[in-house]
Amino acid sequence: MKGLTINNLVVGQKSSFSKTITETDVYMFAGISGDINPAHINEEYAKNTFFKSRIAHGMITGALISAVLGVQLPGPGTIYVSQALNFLAPVYFGDTITATAEIKEILSEKNRVILETYCLNQNGVKVTSGEAVIIPPR
Amino acid sequence: MKGLTINNLVVGQKSSFSKTITETDVYMFAGISGDINPAHINEEYAKNTFFKSRIAHGMITGALISAVLGVQLPGPGTIYVSQALNFLAPVYFGDTITATAEIKEILSEKNRVILETYCLNQNGVKVTSGEAVIIPPR
Amino acid sequence: MKGLTINNLVVGQKSSFSKTITETDVYMFAGISGDINPAHINEEYAKNTFFKSRIAHGMITGALISAVLGVQLPGPGTIYVSQALNFLAPVYFGDTITATAEIKEILSEKNRVILETYCLNQNGVKVTSGEAVIIPPR
Amino acid sequence: MKGLTINNLVVGQKSSFSKTITETDVYMFAGISGDINPAHINEEYAKNTFFKSRIAHGMITGALISAVLGVQLPGPGTIYVSQALNFLAPVYFGDTITATAEIKEILSEKNRVILETYCLNQNGVKVTSGEAVIIPPR
């Protein structure tokens, strides 16, 4: 149960995690976050919005990126320093989102790693972009 | 069910949401995100880590910020453009986290608002800092 | 984080909260309540009932009324004294329910407020009616 | 899977359901209902209230009564007509609540049954009282 140390990481290395985001995910996330914005939980409201339907909380795509970093690359023992997220397109209920983290830069002297992070939906549309900084496990 | 439009927003305006983050939140978030890093869900593992105990996913603090923006300031109709998050200190099970968003800049011609966003625990320790960009409801 | 005190309440004042009630809500509510009546969780059973399909627990509409009183009118600090609920029509999975509380009477000397409470579905059908008595925050 | 018809019911007949109400129940109920009143989800706030701690939503006791009626007495096929609830005392996390429904009156010509409904905690304190009206299964 230990992730990859800095010596086992190289620029360009990447890892992905995919999940179909369901109404259940969004409703449970509403309870955890307290984010009961009607765009997420009120279909009558949502059908009159620009998106025409309830959409997932953008932060759920951030959660999937967190899964890639914490479970796969580098995995257990990673300390999450920062995450920038750009919400580019809506995630609809039933969309299958693939979150990917790819190593961009390894700062060995600081023991920090910078990763490009992004989420695509099942049609290849980039719904979230951004960048993570982490401290890999020692 | 409509949040504040740009004309009702001023620099310095702020809003907060507080919640005690529980084991329940973390376990449900693990399921939603797929982030099953043992630091969050394995006490035997966690007690041998630097943090000595299971800790919440940092992204849960991002979720609370999302609640402030989507429900209160500016509220329904807001489009979330981006969020930067710096994870500064761990959130333990049972910590009460207050997420705050404060308007820093209003870009009227672009219809965008920049907010400083941060989360404090019950002892006043800043656990997360960062910045959000949103499009307020029209 | 303090709701409206009695001096800020007037007869006729009202507030609403709307949510699309999903299978997720009903299944989680079944677990919380222990109400595993097949009308709520068994589609094969339910399709032979008068309602032709699984329906939500009536008490979920009561829960939405609780949200209006506890979050909005009067909000935090309210003590819930009593609630009468008449279940008038079924709530189907996917129905969007709007719960409303409207102040009917203010008993200043007793520090109690009586509210008419009701829930409508997306077609305007009243699914629940009733009355709440609360003590507003001091 | 059919409950008791009116001919199998007598005045004085009663049935109970008991459950320990946990933080998990309250947090999931907050998500279902949208009732994110800090008395339920914010321990720092709650410790300065009259109750000194987070408490369960009163409506959860109503949910337990719904379980008695829908599962046991009379059980499947019951139509829930109305429920009156008086919230008499707080339910703390970890309290074991026993909900009881007892038949008070059988209105055969109208095919309606009136039940006294109440919830006691593990110390015998009545936390909720009230009355239900139901139509038993045919």
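Labels for the chains are A, B, C and D, by order of writing; each one numbers its residues from 1.
What we mean here is this: contacts are C-beta pairs under 8 Å (C-beta built on N, C-alpha and C of every residue); 3 or more make two chains touch, one makes a residue touch a chain.
Note that the structure is a prediction, hence the values are computed from the model and not measured.
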item	value
Chain D against chain B, contact positions shared by both copies (same if over half, else different)	different
Farthest chain (mean CA position) relative to chain C	A
Rounded Å distance, chain A centre to chain B centre (Cα mean)	15
Interchain centroid distance [CA atoms averaged], chain B/chain D, Å	35
Intercentroid distance (Cα basis), chain D paired with chain A, Å	40
Multi-partner residues of chain C (each touching 2 or more other chains)	1, 18-19, 25, 28
Chain C-facing residues of chain D, complex	1, 17, 19, 25, 28-29, 31-40, 42, 45, 49, 57-60, 62-64, 66-67, 70-71, 75-78, 80-87, 130
Complex interface listing, chain B residues touching chain D	18-20, 22-25, 28, 94, 96, 122
Chain A residues touching chain C - in the complex, by the definition given at the top	23-24, 27-28, 36, 38, 41-45, 54
Residues of chain A touching chain D in the complex	27-28, 30-32, 34, 36, 41
